[in-house]
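Next up: the structures, one after another.
Both of the next two complexes hold subunit A, though its partner changes from subunit B to subunit C.
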Partner chain A sequence: MSDYSKKRVLVIDDAALVRTYYRSALEARGFVVEEALNGLEGLEKVLLQAFDLAIVDVNMPQMDGITFLHTLRSKELPISGIPVLVTSTESGMQDMAAARRAGANYYLVKPIKQETLAEYAAIFCGAAR
Partner chain B sequence: MNEFVEQFLLESRELVAQATDDLMALEENPGDRERLDGAFRAFHTLKGAAGIVEFAAMSRTLHAAEDILAKLRASHEPVASMVLDECLTCLDLTSRWLDHMQASGEMPPAADIEADDMITRLVSSMDIGEGEKGVALPANNDWLDRLRGAAGGHFPEAVSAVRYLPDPDAFFQGDDPLLVIASLPQLLTVELALSNRTVSLENMNTFRCDLEILALTKAPAAEIRSALLTVAEKAEIRELTAASVSTVAEDYLTQATSVLKAQVVLLRDSGFEGLLGRLSSAGRTAVNALHYLGSNEAITKVELATSAAQAQRNVEPLIVAIERALESKTKADSQPIISPAPIVAPRALRIDMNRIDALVKLAGELIIVKNAIGHAAKRMQGNEDLATVKSILRDQHALFDRLASELQGAVLRIRVLPLRTVFRRFPRLVREIAGSVNKTVRLITEGEDTEADATIVDALFEPLLHVLRNAVDHGIEASERRISIGKPSMGTLILRGRRVAENVRIEIEDDGGGIDVDRVRAVASARGVASEEALAAMADGEIIDLIFAAGFSTAETVTDLSGRGVGMDSVRTAVERLGGSVTLQSEPGKGTVVSLILPFSLMMTRVMTVEVVGQVFGLPLDSVVETTIVNRDMIVAIGSGRAFILRDRTIPLLDLAETLGLARVPQRELPAKIVVVTAAGQIGGIEVDRLGERLDVMLKPMEGLLGSMRGVAGTTLLGDGRVLVVLDVQEMFR
Partner chain C sequence: MPLIRKPASPPETPAPDDRNIAEMLIEGSDDERWTAARRTTLLPEALPLLTTALSKERIARVREAIFTALAKMGSSESAAVIIPYLRSDDAAQRTAALDALRAMPGAAAVHLPGLLKDADADVRLLACEIARVLPADDASRLLEELIERELNPNVCAAAIEVLAETGTAASLKVLGQCATRFPEEPFLAFAIKTARDRIGSR
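Right, the complex of A and B next:
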């Protein structure tokens, strides 16, 4: 198993259950996990700390995932260059297209199994298998 | 069931409550966008939570409701109450499912059928609410399972699944839905079904395309997406990631490839806005995905291309580099992935941080007292003046006493819930009850923040519902009558909670007609609840109290609501079982107030002591109904047992001494002293030698070798140090 101990993942989701679920999947694989409750908090976090990946929900109060992405991508490098994996329960094409237009690097449809999420995070954080 | 179920249950209940609140508020004010947004988000989050615990029926039901709320959000029109009702019903169904999961630890068995019904109701409510405008597509997350079932596990190599619902008018628009599907890359299998369940051979319109097309392919989802671009809004595409466990390693390689491809799509779609960020993130993602794939030689090229693209502010160099890397991707690297060990989530309880802090503080103070007592002991050994030690001990004891009771209070407060958890279920139930008897009633709740032991709060629902039902059914007058006597046509019920010393007091107040004392008197006489003479002698207050008597119900016609064979006596029984009491005040023409007085906590058990053959035993007071003295001639032998008559009911009678195997001289001459108890819903009598006193005790369950002993609820120490054995009444009557 590769070591991801230095890889930092930011999970942005308003549902505590989802955050815990992701966190336990990611920490089991050695990722360092930070959480944010909405896009606004997510922005605060990325401004203060470096991340290798952000996993972002679409539907959130205060600031949704798409707005977060738009704002993130319009910032200066390197903050604007954080890879973003968007997760949502919406499987319609419009939602994926909206996420892509906002600058999402990938889109996963919820529910996502723990091992699937961890593996995608591994792909995004790029340790060789 | 997985390890997140516990947290799922906890959060889902909060979300259901939140959604209910929002929907109720919307009902009051159908134009409240904020509440609509709140309800939508709560449904959305609930649906996501259901997905995590793999509860498919709940997930698709909530999805259907969420769809409706999403439409309402988009429509900018006030929300129709019909739609709200169905959404609320949907929450009720969800609550019942949660109850079932909590009680049994299993998914509810009938959930799938219930979900189908609910979805149909939701969809049709929207049809009616919206007229002919938008017919919601049935929310269907189960198509994947149907497809898998139809494929019968024959296509483990499948990467993507497609669900395509062609436009019913597709044939007229010159579309050929099957051709669209047939053109999908690496197609494995296709399943066709009717998209409209009401279509049969008789009423089939051959010009309508009522088809649901399901397909499995080996191509990744991104590729399918581009193939289906023309019918994007009609198609749903799923990547079959976690489903096929046998090919996990293969799948993830495919996924890494698909992540790479997605970067190309992202770059192609890029405008100028945020271009540098897109380039950088796509470059980083591509490099990492290549790392993952082990295509090391391509990494440098992509890194170079990223910086070139950034310098030129042009996506092309990076697109080219990624596409080349994709072409030359080697397939040699297929080491199996070991999946991570499952993580066991700790059992958790949500407690306000302040309460924990209070405990920590108390623990600290207790340590100080402990040290002070130790210090006093040492001084005593050192032959210190006894008077000094005495005063130290007295002071420390006083301190210890205070801390111990504070600690007890703090521990009890951990177990409390606000009354809101039960109160908030009522506004809607009251509305429904009122609607079913054609009355308009509003329920006002007050003091929802009042706290009580979780066990009590949970047990309050039934009795409160009963009292509220009674108030709506018998208390509040019909609208016409109300108007004729100068009251507002809408009746008002107030459900109020407050803390009174060590008790929680809950009042249900209505502005109805009050209780008709003469009628109660007549009914009581007709039903034989009390004799004519006794009734004549009773004061009005006592007469009203008869409402609580067993077998009394003033409703002349049995309605669907209150007349279910149980009257207010069931409320009294339920409340008394919790260690509380019920009182009722009524003013003719003005209304009625029913008060439930409950203990704040259940940790203390109230017992009644009884004596038999010189030994003292305890009986849990919550199972004691009354005590009575009966003449021997009223006791009759029935079969091998005995029974006595109490207010025209035959009640089985046990002799405590005999039951416990204690020998004694039969006392035939004295009247029998009997404790009347309820056991498993039945009434029974226990004959004892002497009735004792009531005590509040901390009951200790039997442990160790005595743990399996039957008939004993637990033990406690009496003030004089004797052990009091508290008997299990249920067991005695088994």
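Right, the complex of A and C next:
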């Protein structure tokens, strides 16, 4: 197992089972995982703590993932520079384009395999696979 | 000490009359449209006014005020105005529509069976989130029926997410059948196992 023990990942998704699934995949590889239930809670967390990566769903109550991204990218560095991996069931080109315009580093369509998620987390955390 | 004359009270800003509210809602500034949206529910023709305003509105906070006004009306008809926005290409609009429908569970429930059978998988998925605010027995029944016929793994996952909270022993059979139908989806296997464990432990 590679050592990602100092890499902190924020998972923002309103689905508890999804958060648990991602946490399980990432913690098994040594990532430190924090969770947020929507974009608003995610913003509060990134303003208070340092993260190496945010994994963000699109459709969430109160603040969606695209609005979260727009807001994040409007902040000062280093907060605005956090890599963001968008995950969504919205597989249309329109949603991918919206995520890219908002500043997403990559877009994965659900359902996602744990290995795939961990692999992309390693890439965006700058860790060797 | 000299007497200080108390200044005359400033004249109160007159409350806009019904016609003004209707005009403000469509033609006013951002602030006026926002204010009008909150007052429109008092008018007898609120529903057509809010319907038109929502279709034209481009400012997010005003749009949210209109969604809130429609949710406050809480009728099946006002829910019907919101529902098409679940199909929006704009994630913020979908979220606002979903939040509004979740704030009017009784009215949204009338449309839920149809939404759970919608041709668009993304609409069915959002409908599962609306089911979450219904009484647990109603939500479980609707979602069990959905899972039995659903072919999209993401929609099943959204239904299972809610069933993990609302489901009973009666849900276990449907969950087991779902696992058999999607043997190649590791997330669904994980979600079903977790949901079954949670239901079983209650």
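Going forward, the second predicted complex is superposed on the first by the 127 of 129 C-alpha atoms of A that agree within 3 Å, B and C clash if a C-alpha of one lies under 4 Å from a C-alpha of the other, contacts with A are read in each partner's own complex, and residues count from 1 in each chain.
What we mean here is this: contacts are C-beta pairs under 8 Å (C-beta built on N, C-alpha and C of every residue); 3 or more make two chains touch, one makes a residue touch a chain.
This structure is a prediction, so every number in the text was calculated from the model and none was measured.
With the two structures aligned on subunit A, subunit B clashes with subunit C.
Of the two partner chains placed by the overlay, only subunit C lies in contact with A:I66; subunit B stays clear of it.
In the superposed model, A:K113 lies in contact with both subunit B and subunit C.
Within the superposed three-chain arrangement, the count of touched residues of subunit A is higher for B, of the candidates subunit B and subunit C.
In the overlay built on the shared chain, the residue A:Y21 is in contact with subunit B and with subunit C. Judged by the touch definition given at the top, the superposed model places A:C125 against subunit B, while subunit C stays out of reach. Once chain A of one complex is fitted onto chain A of the other, the partner contacts of A:D95 are limited to subunit C, with no touch recorded for subunit B.
Shared contact residues on subunit A (touching subunit B in one structure, subunit C in the other): 14-18, 20-21, 24, 59-61, 89, 92, 94, 110-114.
Across the complex, subunit A meets subunit C through its residues 14-18, 20-21, 24, 58-67, 89-90, 92, 94-95, 98, 110-114. Interface of subunit C with subunit A (complex): residues 89-92, 94-95, 98-99, 102, 121-122, 125-126, 129, 153-154, 157-158, 160-161, 164, 185-188, 190-191, 194-195. Subunit B makes touch with subunit A in their complex at residues 4, 7-8, 11, 37, 41, 44-45, 47-49, 51-52, 54, 59, 63, 225, 228, 232-233, 235-239, 241-242, 248, 252, 255-256, 259, 262-263, 265-266, 269-270, 273-274, 276-285, 287-292, 294, 296, 333, 335, 337-341, 343, 345.
Of all residues in subunit A, those touching subunit B in their complex are 1, 14-18, 20-21, 24-25, 27-29, 59-61, 70, 72-75, 77-84, 89, 91-94, 96-97, 100-101, 103-107, 109-116, 118-120, 122-129.
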